[in-house]
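Mind having a look at this structure? Questions to follow.
Naming follows writing order (A, B, C, D, E and F), and every chain is counted from residue 1.
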Amino acid sequence: MRISVFRKAHFNAAHRLHNPNWSEEKNKEVYGLCNNANYHGHNYNLEVKVTGEVDPETGYLIDLKVLSDIIKEKVEKKFDHKNLNLDVPEFKTTIASTENFCYLIWQILDEALGEDLDVQIRLFETPRNYVEYPAT
Amino acid sequence: MRISVFRKAHFNAAHRLHNPNWSEEKNKEVYGLCNNANYHGHNYNLEVKVTGEVDPETGYLIDLKVLSDIIKEKVEKKFDHKNLNLDVPEFKTTIASTENFCYLIWQILDEALGEDLDVQIRLFETPRNYVEYPAT
Amino acid sequence: MRISVFRKAHFNAAHRLHNPNWSEEKNKEVYGLCNNANYHGHNYNLEVKVTGEVDPETGYLIDLKVLSDIIKEKVEKKFDHKNLNLDVPEFKTTIASTENFCYLIWQILDEALGEDLDVQIRLFETPRNYVEYPAT
Amino acid sequence: MRISVFRKAHFNAAHRLHNPNWSEEKNKEVYGLCNNANYHGHNYNLEVKVTGEVDPETGYLIDLKVLSDIIKEKVEKKFDHKNLNLDVPEFKTTIASTENFCYLIWQILDEALGEDLDVQIRLFETPRNYVEYPAT
Amino acid sequence: MRISVFRKAHFNAAHRLHNPNWSEEKNKEVYGLCNNANYHGHNYNLEVKVTGEVDPETGYLIDLKVLSDIIKEKVEKKFDHKNLNLDVPEFKTTIASTENFCYLIWQILDEALGEDLDVQIRLFETPRNYVEYPAT
Amino acid sequence: MRISVFRKAHFNAAHRLHNPNWSEEKNKEVYGLCNNANYHGHNYNLEVKVTGEVDPETGYLIDLKVLSDIIKEKVEKKFDHKNLNLDVPEFKTTIASTENFCYLIWQILDEALGEDLDVQIRLFETPRNYVEYPAT
């Protein structure tokens, strides 16, 4: 019985969109307000979807307490109340866009959850703008 | 023109997670607070997705009044304001986990909606924990 | 500068509405499905409103971490994953209605927050049914 | 890196369900209240999902400002504060059902977004009734 | 023990803003898109707040089933799937603005609920625009 | 006829809580993660409540387009995609707490809306933490 369970989490962070290979003018033109030199920020919402087989003995695909603890330990601790550009090493060399941020969180959770479980995530930068990886 | 329509419903119920083949200690260890002997409860939210062909004459995939009545008759009447463990025969022999509950509701709706319509459901135990069957 | 801060919390519990001084018939007639002998349950949502003066040094009315810890310690621990009728002494002698439950939580928080802070709460039994105390 | 980005929009409109090839009686029987001769209306919510490859230089799949402007120009301007039956030529010959409306908006956005991007939309007639095209 | 209980309801309707004493130009200038001759529409959400004393025997301020039935009978039946301007006599002589609509619903419910209960309502035209009467 | 109308808006910003008169240790102790030197951020949601008399000719308390434009011009332009501590002069000498931020926005809107209209606002730092001024 292949099923998916979902768990939501949230955290907040500051960031800016800025490509160091571009002039200030080009950065402003491409990223607009999101390029503000002093950063801005978001309440990020995260939906983690885990797919696999239900264990008939426990009735669980995965203990949601375990899943929730993994998200807290690996994702919330790393990003909550942080500045993505300054406090997160991975964004020294990548644009801190929602697309790249979503992919980074997916990599972290995919590794943490092991081979038997498939992971897909949705990362909400605002309630109206969000990103899903991998694409289905 | 293959399309999906969705209908949301809600009901509330009491339940507990308990495996009768285990000791009390093991039940407490695996299920934690969810094992409380006197039960706890939830406002369950249900999203039913029905996929098929649109009827060009009515413009409908399915009359949502019909779908809504099926959900009321087959799902809400059976589970609303009930104790899943004590009032629902299917949970005498299965753990009343959200995974198993989701699969049970899917079986009921899949049978009720017939062969021409594909059914997928999401069952929310809380706004942050939910399950989808079948997995995509 | 008199201001109000709000903090939301949530927990879930089983309960039933039942007046031991009435016959089974009268209980069924008055409470309907909510009288189910085996209980049903809810995801309760709680909004706590605290009103008072802002401390100019901290910029806080109350540290929301402190408020959140009080709610966890005094409310969530007492009611989360419990059966209100069986596990909560106060409901041995009072109907476990949302009105009485709201008033009980208000008493607990009003005492915990002290004389300088005014407390008002909203308790949501479902997203569509909720209660506020004290009335304004 | 294939990813999906989502953007939400909203608008409101009047409509009625009515098949001109049927008698008044049959229209009432099939469509019920939705057949009201003087129309009724909805706050429509739209979720647009766009799938494709992330541009490593910008970190964007598509600039959400661009996507939002396309939705405003092509969808909101055409439908917002309109009567679907009277003000929208496409519904002179098609039933103004959510299914057909969803497909119409998909056609508009699929053409506007070009061949490199896949589009899927969800159209919410109410928070509890919605439609998705294409089906997955 | 003075307490407030709340009940939410929803319905949808078409309307337009139009003052028959004004020229077409003035109507367009004042009401903009909301003046569209062929109407537009909304999913209205209604929050009804009822304040009074809790009955110690039932634990209820008011049976929410009773309140919900009054709202259905007196409000939903009258406005749901209707055109406010054409199907509702009260709007023949009053502008169908959310302010006037809110006051009309309050009058209906205030009369239906009797002298011992105070009524206040919030009427949502959209999730972002809403009105409350009476003002507190 | 005294009534209240509400309008919601949203914007996002970076900030940190920091009292320059305190040592780094005391700042960390009082503000915890919110003191992060590199800032963090939020999607702020704003609910503006305006109370006054309805104009019988227009049926409006205030044209919501006008209210919405005032909020855009005076609030969103000033705070959206900004760093409250670095980009907003008022927070050079005040703690950028939600309490102080709420009071600042109230001052701006109270002045903009004039003497005939009463203003009260709710500022949401997250969906679970928010502040209201003035207190009622």
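Everything below uses one rule, namely that a contact is a pair of C-beta atoms (placed from the backbone, for glycine too) under 8 Å apart; a residue touches a chain by one contact, two chains touch by 3 or more.
In this text, all values refer to a predicted model and were calculated from it rather than measured experimentally.
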| item | value |
| --- | --- |
| Shortest contact path, subunit C to subunit F, counted in steps | 1 |
| Any chain that touches subunit D and subunit A | B |
| Subunit F reached from subunit D - shortest hop count over touching chains | 2 |
| Residue-number overlap at the subunit A/subunit B interface, same or different (half cut) | different |
| Relative orientation of copies subunit E and subunit F, as a Cα rotation angle in degrees, nearest 5 | 120 |
| Pair from A-F, B-C or A-D with over half of its contact pairs in common with C-F | A-D |
| Rounded Å distance, subunit D centre to subunit E centre (Cα mean) | 28 |
| Distance from subunit C to subunit A - Cα centre to Cα centre, in angstrom | 34 |
| CA centroid of subunit C to CA centroid of subunit D, Å | 41 |
| Multi-chain contact residues (two or more partners), subunit B | 127, 136 |
| Listing of all chain pairs that touch each other, if any do | A-B, A-D, A-F, B-C, B-D, C-E, C-F, D-E, E-F |
| Residues of subunit E that touch subunit C when the two form their complex | 1-9, 49, 51, 54, 57-61, 63-65, 136 |
| Touch list for subunit D against partner subunit E, complex | 10, 12-15, 33-34, 36, 38-43, 80-83, 86-87, 126-127 |
| Residue ranges of subunit F in contact with subunit C within the complex | 17, 19, 21, 30, 32, 94-100, 102-103, 127-136 |
